[in-house]
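Have a look at this one.
Chain IDs A, B, C, D, E and F follow the sequence of writing; residue 1 opens each chain.
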Amino acid sequence: MGQVVQNIPRAEAEIVRQLGEAGVATVHEAQGRTGCLASYMRPIYSGARLAGSAVTISAPPGDNWMLHVAIEQVQPGDFLVLAPTSPCDNGYFGDLLATSALSRGAVGLVIDAGVRDVRELTEMGFPVWSKAVSAQGTVKETLGSVNVPIVCAGQAVQAGDIIVADDDGVCVVARETAATVLEKAQARGAAEAEKRARLASGELGLDMYKMRERLAAKGLTYV
Amino acid sequence: MGQVVQNIPRAEAEIVRQLGEAGVATVHEAQGRTGCLASYMRPIYSGARLAGSAVTISAPPGDNWMLHVAIEQVQPGDFLVLAPTSPCDNGYFGDLLATSALSRGAVGLVIDAGVRDVRELTEMGFPVWSKAVSAQGTVKETLGSVNVPIVCAGQAVQAGDIIVADDDGVCVVARETAATVLEKAQARGAAEAEKRARLASGELGLDMYKMRERLAAKGLTYV
Amino acid sequence: MGQVVQNIPRAEAEIVRQLGEAGVATVHEAQGRTGCLASYMRPIYSGARLAGSAVTISAPPGDNWMLHVAIEQVQPGDFLVLAPTSPCDNGYFGDLLATSALSRGAVGLVIDAGVRDVRELTEMGFPVWSKAVSAQGTVKETLGSVNVPIVCAGQAVQAGDIIVADDDGVCVVARETAATVLEKAQARGAAEAEKRARLASGELGLDMYKMRERLAAKGLTYV
Amino acid sequence: MGQVVQNIPRAEAEIVRQLGEAGVATVHEAQGRTGCLASYMRPIYSGARLAGSAVTISAPPGDNWMLHVAIEQVQPGDFLVLAPTSPCDNGYFGDLLATSALSRGAVGLVIDAGVRDVRELTEMGFPVWSKAVSAQGTVKETLGSVNVPIVCAGQAVQAGDIIVADDDGVCVVARETAATVLEKAQARGAAEAEKRARLASGELGLDMYKMRERLAAKGLTYV
Amino acid sequence: MGQVVQNIPRAEAEIVRQLGEAGVATVHEAQGRTGCLASYMRPIYSGARLAGSAVTISAPPGDNWMLHVAIEQVQPGDFLVLAPTSPCDNGYFGDLLATSALSRGAVGLVIDAGVRDVRELTEMGFPVWSKAVSAQGTVKETLGSVNVPIVCAGQAVQAGDIIVADDDGVCVVARETAATVLEKAQARGAAEAEKRARLASGELGLDMYKMRERLAAKGLTYV
Amino acid sequence: MGQVVQNIPRAEAEIVRQLGEAGVATVHEAQGRTGCLASYMRPIYSGARLAGSAVTISAPPGDNWMLHVAIEQVQPGDFLVLAPTSPCDNGYFGDLLATSALSRGAVGLVIDAGVRDVRELTEMGFPVWSKAVSAQGTVKETLGSVNVPIVCAGQAVQAGDIIVADDDGVCVVARETAATVLEKAQARGAAEAEKRARLASGELGLDMYKMRERLAAKGLTYV
């Protein structure tokens, strides 16, 4: 504990940006239905869809000291990702920290705990995905770590991994696989456009995906 | 397991439509304070208030195959209702399935599990009441059933029952009692308008409902 | 049980109003990070920020009789605060009660249970913070009490205490300390404005709060 | 609401008894992996394994009046099954009601709410499966119903259905299918004995169930 | 914050002892069905039934420093009662603290958080009622308070109040009313013995409590 | 997905054994208060205290196929550790699988899902720590992976890591650090014995740990 890793690798900015455009559902499918954080992670406002490079924070319950330490490590395009070392719903982050994070180029925050000043954060357009909204403040007494591997809302996150977030939640992509995942996500996106048109015209998924035979083989009966 | 019931009875379309107009709170009161699904069932966007005939789906955890099967059974005005056979928050349903369901005339989805593509569903105006929002995808490996009796979020639902849903949640009305319930709901709605006017003018519920004597008899004391 | 306290002390209206303006996060910090209700208490719509004097209600599970009794005790500027005697998510309160409460001058409701008619309440601009939204109605059979000390969502509340509520949740301020807390809240608000400007200009919290030495003393290492 | 059905059909006593012997896991498998109540239903003490015929109770939150009504309907071998009409963890049932239920021949209680006097119930050997243990008492003010269809912990239960319960939880078997389910359960039990012996001797499930080919076909790779 | 109240009033030892004998369910009924802590507060082992005088502790999340401070304030017969200032499941207390508490005469611990070393505590016979069992340790960095009013698991507790605890959970009795509550509890206990005998002999609650007429008046129907 | 890693490194058997003896609370402190799984992971019976080498399993919700695959990889002293790819409480594991696992030398199971046949497992002495007890069975349709990195109940686990489990829960120790952690754990255990004796004799933690000065410096006041 009490360690700050200063130089972390990051994926290419354009790949990160395009993963954000692809969105959480598509990206998580593209990497084999993996990477989604727990569904209790919800955005404080609707409509944001973006990606960034993870600056990870491991913090004690009820102590937000490491957020100040982490902000110094932020580079433009980074996504703050905080996991408390045990469950906590305190409001670790509010408009002052957001002001500071924004001035460093941070694009958002994912926090497996609480956030506050949500009206101000919404007005500032600083997107946050959190477990809770809570005004309950924190202390600055105990060290944690920055840019070490963490588990956030059920997913392992390494510093520099890509965080994709939108109204469907949050997904993490390993930095090493980012280019491959993007490629698959874009292929998937293209295929979906065609499927959407066919379904809209009334074609059934049963026929489009040729499911009838397999369903019958499994024993599905119609009465 | 593995059964699709093809011909289900449905209530008269005009009765269904008017139950939707009456709304969840009024309808559930009209049938003796019964039929509400658990309060964790929340709409993905505000403002929808409608009713439809239930096409029920019993599906394994993490497997949305039966949604494709169910959509073939949809007739205009139907409300898809899915219950997993054990608790699951996966995103069983997204914009492709919604496109297909809409092309068959479905009016919405009630799902005791997760939904994804909520931004797209909101833009399409396809209303969903769910336990969770989650991008986590599902497989198509195991059979379930369509139009069999299910328990969804604490309420038993038969195929063809009327599903009423709005910002207050979801209520189910047995098909056989739909006309009677509607009559009572409309009577209740009319009575409420008069009460609202009296309360707005400053009359107290204590007087309007003649509660003072009964409260005193029970022993209420003022100090 | 079964007691209504009729004459309760209230804080000065102007103090109450200004506490509302200060908001939940600032007020709770100003009183030493105390007073926040549990984070599951959420507003039915965004954007309200206000304060009022608590009219407290202790009610049995599934029984909203005491709300009618409480409304008679409401004076302009009062905030209804209801705690059930055991956990319950029923919809104790809807648009008829809100109409009545508004006609007496109530400014809002905090309820550690459910609320219904949320669309109508939103249209009326009657703000509610609740544990749940639920259409499930209640009976009027068992006495509770009004203006007695209660515990609501984890906080002790006395009749006449000040309830501050906004998008971050709900905070209670003891009536006796209201003036002092307001003073501290306003001082804090002023200090934050200056800090915000410095952080926006790129100054780090590490420097502004002079944290580096203390972090090093605790053993923080950079690698 | 407010209805007591007096003459309910029951399954043959010997079938019920043997379903109890088979246990929850085996019985639920024998009927196609259906019928399990939610996993939060836990026994107040370990070691009971039994079955009985359901006497169903629908009761308001915080009101145990209908338990007294239901006990008059109990015949030897019956299993009381209570579902509140909305979530409640109150202690509806304690040693006095158990004494009364025992004198009528009841074999146990399944309650999707709370129970109290658990030390006394354990000493009496009266088994209970519940959502909660809570001393919080209830009132007797509002009617419910007895022997009507209910939903208990996620499963629909009809009066006269067979309730099987043990340390693994609770399962409901429709009365009409009891004999068939028992037959399958016993066949399954016999088959398991042989499998157990083979597995104990070191044979792998991969070989015994001939899974290797299907795993390979699905694409499982060994590295 | 950061205050230790040293001289607290305590109820007479014999009254406390007898409240413990009466047990949680009886005591909470005797004081009008009030005082029960939330049902998630469970004993780490079965069979303890006792009472003690509350030494209250308000502690930050993840910080058990105040337990050391509190133990100095313990007198023989005291019951430690800890509430964190926001939800936390850390193991604040283990066998070393129990050894120290025992040496001062503490009779047990009620903690709305976690406890650890439960095997050792069980062997020592030191009873604990907690929200969680967790090995996760805590720090000693931030002050809390001892013997101030707290809210623990939904109930307000003052230092010197009587804590009654057994397998049904935990109940708090205000010190001022302890003698009266004990009197009512003992009367209730005596009345229950007679009722138990009558119920055991087959008399129905419906008759013993003369409920039939009132049920009929409410509209209960038998079919 | 669909990968089985066959040759995994394991820590020295004697180190693993001694970590088990040290127990969860001591081991997690020895590695800097890290490694504890979420507190909802509870043993199916009391009294087991042991350690083993993790054979990890990533399995789809409601599908236990990979357990059969994993058991082939088990060597004497291994601890099965299963994490579903999304939340699930199904009973993935029962007495047949335990029989098979035992025959290979497995020492226990940690599962962030459900387990069944708990009476039989208890009789066999096969210890399990799980999120739920549930009879609900699973299918064998979809691949998962064995001996890949997983996140189980909030902790990242690598194949070959050491799992320590007892009545306080479960802790994971990275294989590379096992020897160091054991050393610290044993030192800690020795130190605790001495402290226990001093506390038992009445010495206060305030004095033994020399806390008084630091408490005063932080501002603790006695009144």
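Throughout what follows, a residue touches a chain if its C-beta (ideal position, glycine included) is under 8 Å from a C-beta of that chain, and two chains touch if they have at least 3 such contacts.
All of these numbers come straight from a predicted model, not from anything done at the bench.
The chains in contact with chain A as well as with chain C are B, E. Common neighbours of chain C and chain F (chains touching each): A, B, D, E.
Interface comparison, B-C versus A-E: the pair with the greater number of contacting C-beta pairs is B-C.
Although chain B and chain D carry the same sequence, what matters here is overlap: shared residue numbers make up over half of all numbers found at their interface. The mean-CA centres of chain A and chain B are about 31 angstrom from one another, to the nearest whole unit.
Averaged C-alpha coordinates give centres for chain A and chain D that are 41 Å from one another. Those residues of chain D in touch with two or more other chains are numbered 33, 36, 85-87, 89, 134, 136, 142.
Of all possible chain pairs, those that touch are A-B, A-C, A-E, A-F, B-C, B-D, B-F, C-D, C-E, D-E, D-F, E-F.
Remark: chain B residues 2-6, 65, 68-69, 71-72, 89, 91, 94-97, 99-100, 102-104, 114, 116-119, 122, 132-137, 140, 142-143 touch chain A in the complex.
For chain D in complex with chain F, the touching residues are 24-25, 28-29, 33, 36, 39, 42, 46-47, 49, 166-169, 171, 192, 195-196, 199-202, 204-206, 209, 211, 215, 218-223.
Within the complex formed with chain A, the chain E residues making contact are 60-63, 85-90, 134, 136, 139, 141-142.
The touching residues of chain F, counted against chain A in their complex, run 1, 32-34, 36, 38, 85-87, 149, 151, 154-156.
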